[in-house]
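Take a look at the structure set out below.
To keep things simple, chains are lettered A, B, C and D as they appear, and every chain counts its residues starting from 1.
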Amino acid sequence: MDRPVGIAVVGAGYWGPNLIRNFSAARNTRLSWVCDVDAERARQSVAAWGDVQTTSDLGEALEDPAVEAVAIATPAASHADLALQVIDAGRHILIEKPLARTMEEGRAIVEAARARDLVVMVDHTFCYTAPVRMIREVVQSGELGELLFFDSVRINLGLIQHDIDVFWDLAPHDLSILDFILPPQARPVQVAAHAADPLGVGHACVGYLTVHLANGAIAHVHVNWLSPTKIRTTIIGGTRRMVVWDDLHPSQKISVHDTGVALNDELVGESRRETLVSYRIGDIVAPALPTTEALRLVVEEFADAIRGNRPALTDGEAGLRVLAMLAAVEQSLRNGGAMVSVEDMLGNVT
Amino acid sequence: MDRPVGIAVVGAGYWGPNLIRNFSAARNTRLSWVCDVDAERARQSVAAWGDVQTTSDLGEALEDPAVEAVAIATPAASHADLALQVIDAGRHILIEKPLARTMEEGRAIVEAARARDLVVMVDHTFCYTAPVRMIREVVQSGELGELLFFDSVRINLGLIQHDIDVFWDLAPHDLSILDFILPPQARPVQVAAHAADPLGVGHACVGYLTVHLANGAIAHVHVNWLSPTKIRTTIIGGTRRMVVWDDLHPSQKISVHDTGVALNDELVGESRRETLVSYRIGDIVAPALPTTEALRLVVEEFADAIRGNRPALTDGEAGLRVLAMLAAVEQSLRNGGAMVSVEDMLGNVT
Amino acid sequence: MDRPVGIAVVGAGYWGPNLIRNFSAARNTRLSWVCDVDAERARQSVAAWGDVQTTSDLGEALEDPAVEAVAIATPAASHADLALQVIDAGRHILIEKPLARTMEEGRAIVEAARARDLVVMVDHTFCYTAPVRMIREVVQSGELGELLFFDSVRINLGLIQHDIDVFWDLAPHDLSILDFILPPQARPVQVAAHAADPLGVGHACVGYLTVHLANGAIAHVHVNWLSPTKIRTTIIGGTRRMVVWDDLHPSQKISVHDTGVALNDELVGESRRETLVSYRIGDIVAPALPTTEALRLVVEEFADAIRGNRPALTDGEAGLRVLAMLAAVEQSLRNGGAMVSVEDMLGNVT
Amino acid sequence: MDRPVGIAVVGAGYWGPNLIRNFSAARNTRLSWVCDVDAERARQSVAAWGDVQTTSDLGEALEDPAVEAVAIATPAASHADLALQVIDAGRHILIEKPLARTMEEGRAIVEAARARDLVVMVDHTFCYTAPVRMIREVVQSGELGELLFFDSVRINLGLIQHDIDVFWDLAPHDLSILDFILPPQARPVQVAAHAADPLGVGHACVGYLTVHLANGAIAHVHVNWLSPTKIRTTIIGGTRRMVVWDDLHPSQKISVHDTGVALNDELVGESRRETLVSYRIGDIVAPALPTTEALRLVVEEFADAIRGNRPALTDGEAGLRVLAMLAAVEQSLRNGGAMVSVEDMLGNVT
């Protein structure tokens, strides 16, 4: 087995402790440093994890040759500066979602890492949950047939953020999942968004976004901070299988419907009305799902990508593609719901 | 009590028999004639209902002075011609939804009836169901507070229609409900729509439509013929109450959440993040709902409007407003999801 | 294909019309006569079904040689007299559940038919529904492993019967299902029952019955007329599979859990506590179920048994076994919940 | 406000740490000592809670005059000895459920404390949860009307215990809840139990127990370690209200049905069948429930009872009554499901 990857974590606030716990416990990483502007918070965060050094100065950690890679769990606005400092120091990098606040910042990170041949991974945690890995498998193995639609609802009576709207708060989950499971022929082409701010907080609290896909299918996401009932349901329709993911179901999160739909090309004329489309309805299977914590898989994938000298499953490009869709949402909202080209957003990066 | 209103029903196909049964049984109507191009079908449709005459010629029924009003249950394409013939003969009219296939036809019907001072009612059946009447009461009484959003999902593995898309098939339900419950200050302003035809049937099979409302709130409808799971859920958020209507729930279709949300205007500065919005979460009440058949209430409202010489609850204007939103959907789809003004669609009618 | 079996139906009240409709439509029966003490009700019941004769005198129908078999859909108290008259006339017989009101009556019917080599079938309709046939297949194929328990809940705000208690009203469903699916090694051995009549109507309105099975497993049924919430759920646990049947679920009535449980015989001593039993938790499969009406299968099975000169799937013996459990419930209630031997109840019949 | 009650906790295993946390945080207690036979475990258990002394010798803690009361969180078999030692030292006592393993032990504890005028409280935690407090309020206020039945299902694929059966493992929850909510006129009179051990582990894994109540109502509990599906539902029927408590529901644990049922005494004769009982079906209310941790209320009630010199809400008598029902279950199982008098079990204690 490979030598564990030496890790520094930057940011010991909301999400940092989860990274610290998992880097401490994972089979192929070794946590060496935790940095936080609040030195006391850094110290407390490692109390339970033995021999880890702390600092309020990232530079100090980067001087330690044991640090091969850095995980950044600070607010998005600081991602670009910190990431470039890390890359400049020749270290691999794991960044909390979203990759950055703007496409320009995101591109700068990805390009700097590419120039130094370093791994950039984005912590799209949901992609490492058992339901999403199962959905990806069903879609990409061809078991689903052709993708017809992807519909996701993520609504709740939620904490209304002060500095970001409901799209930036919730949609990165759905968009990173979408990016993760889509087959190449169904890549996002255009994005349009509609929203409301009915309380006058200054930005969208209820949002709908549509993504037109290259194969003629459609993806749609409903995010909402004002719903009295909590729903986290994603439905993925295919020509040979359909999947319903109800993340709040206590015992049956994933239902794979052996349901197919086909256009009856050969039948026309008189009888066409009845025979336009034929359905096949079969069993529903709710697979037993592994219970490994998603974040454990994130940190192990990060280390494996570094040791294997290969891109991570959710690499900087994936982060850019998600960022491009979020940027397209912003532009669409500014332009009255107009469709925005994802390719134009991505520019010449990919 | 008033003398019952003499009725002729035109069209004994899919929906006609339901009208026939209810006009026969209602307290304030008397069914006299059933007309159908298929004379045999007309005869069979009245077998159980005693003394009703049948014909394949609407003109014959209109010669009978006992006929004071006519209900049209034929395909939408024939509504305008039939309705104008009925109005020309001085009879009141009840028309299946949608009122007509185009705004021009719809306007012609409404204006002709207005000129003759006749009742035009559209059979928006859902508006007469117990859940929708309850929702309207909650919204219009002010109990809901200010409307924040209206979100409706109507999806299923459905019969794919040959001649109309999924919006024309399913959205009239949601749009007529929306029109029925909205308070005046939240009238529809703009509509945008996105859709997909991933099987290549020739029109939309998966559709999303957004309606921006005058008070800054938003309405959204998801209609879908390709969903493996059937959902018919509408959520209406207000500042003082929120309502969840799950039409498939066996015992608790309506849940009124005593949940409120308010912007904390007075709090600014340092602490603004935490206190931007405050929630109040109270009891949920699932009211016992009456079980009267909705269509019975439709036909009784029609007769009451005629005898009372007043507009019906879902009158021709309501039919035009729904038609305007459907027409706006069509135009938005043709223009890449662009927003379309509902007022422009309605023109100078209202 | 065999010549259709000529049928007379006795009783055109609550259940009779369903038999009439199915005997008229089935592939292998021909309905010839309907008898009811109310001659007018008999006539109305066949109005839609063409060439069927009616009478208020069963004797008249039995004179017609076209009548090969008779279905009895009258109150249970009249079953014995009518059945013996039919058997005496040499006709096969289908009897509504329960077979009779007492074991003595039931035995008389079964023995008379045996002496004349006639088919006696009991209309345990639930046994012919898709969920129950599926459960029987899972149990009897061995897929379930050893049966551990059978638990059924059938509760509702129900119509409180005047002449029978909640066990006689509802438990025949559960007991006939239990009888239908049990493997031979798990035959019912003892029955005990507890009940309450908290409103003072004169008999049990809330009832619990336990059936101890020969293999050490247990079956239990909860029937209740006073429950504010409707539940119809049966859980069957086995060592290799477990089945949950929720008859009110709109889309997933049967869930087959690939869940197993095994005693760890070999592990003893210190570690025994943790390893007493081991579980295996696998996928859940909700099979697509056929939608054929159960009663259609009942009448076809009746005709097939007659033509095949073989016992019906739910024959007189099955009827007696269910009756024995109901009689045991009665005796247990009279004796303060004491256990009553099912074998003693059955006597020397089987 | 009163001076906080000085506390020693005995047992730092499974449940102890929860007591330690709550005694540390409660408004009216002060945690002074933690005792555990494993001194190291005792030390670790207080690491986060500041100035608390630890010992492996309860006697050492009892020498400290700051200790006014002791909480015992050790296995049930040790309760009696420890409790008598504590009482002998003149300290009040809180004991984990069940109070003891036998009625004799339980009585000894209660009588010793009574002789010294000390508080004995049993930690029936469930009685302090918001749903149970709400149910008690509905029952005891008279809002429910007369109690008709209490039905509880607590089933799961559970850890099969080595030393106790499924009744002792799970039913104390249901029986302590039953004892807590019952009005005086509905006190338990007789208990009967049936069970199975289909895997041959040596004791019951599936159990059903019936409690006949003094007012003619019935209580029933289903406990099961072998169910593939987890259910924790209690239904309480009354003549004026009915309550459904689904403890696994994510958002609506309690539903109070405004449903009533009444015997129509005055109607007899011909029409009696239809009018035996009349129902009233009204709204369902799901009250918003407070989220205070139940165990916090337990420890505060303990301290309040001590300072108030009054019995605790779940006092030693309540512990004895629950123990009597468990003992009755054991005796009923030994006697083939025979009914056992609860009063005889309680003897002359109450």
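Throughout what follows, a contact is a pair of C-beta atoms (placed from the backbone, for glycine too) under 8 Å apart; a residue touches a chain by one contact, two chains touch by 3 or more.
Not measured: the values here are computed from a predicted model.
K.L.:
Among B-C, C-D or A-D, whose interface repeats A-B's (more than half the contact pairs identical)?
P.N.:
Match found for A-B within B-C, C-D or A-D: C-D.
K.L.:
Taking each chain's centre as the mean of its CA atoms, which one is farthest from the centre of subunit C?
P.N.:
Of all chains, A has its centre farthest from that of subunit C.
K.L.:
Whole-Å distance, subunit C centre to subunit D centre, using C-alpha means?
P.N.:
Distance between chain centres: 40 Å.
K.L.:
Would you mind pulling out the distance in Å between where the CA atoms of subunit A average out and where those of subunit D do?
P.N.:
The mean C-alpha positions of subunit A and subunit D differ by 45 Å.
K.L.:
Just how far, in Å, is the C-alpha centre of subunit C from the one of subunit A?
P.N.:
About 53 Å separates the centre of subunit A from that of subunit C.
K.L.:
Give the residues of subunit B touching no fewer than two other chains, as numbers and ranges.
P.N.:
Each of 229, 251, 255, 281 in subunit B touches at least two other chains.
K.L.:
So in the complex, the part of subunit B that touches subunit A is made up of which residues?
P.N.:
146-149, 151, 153, 155, 157, 160-163, 192, 194-201, 205-206, 208, 210, 212, 215-218, 220, 222, 224, 226-229, 235, 237, 239, 242, 244, 255, 257, 259, 261-263, 272-273, 276-277, 279, 281, 336-339
K.L.:
Considering only the defined contacts, which subunit C positions touch subunit B in the complex?
P.N.:
Of all residues in subunit C, those touching subunit B are 229-230, 248, 250-251.
K.L.:
For the complex, give me every residue of subunit A touching subunit C.
P.N.:
251-252, 255, 258, 281-288
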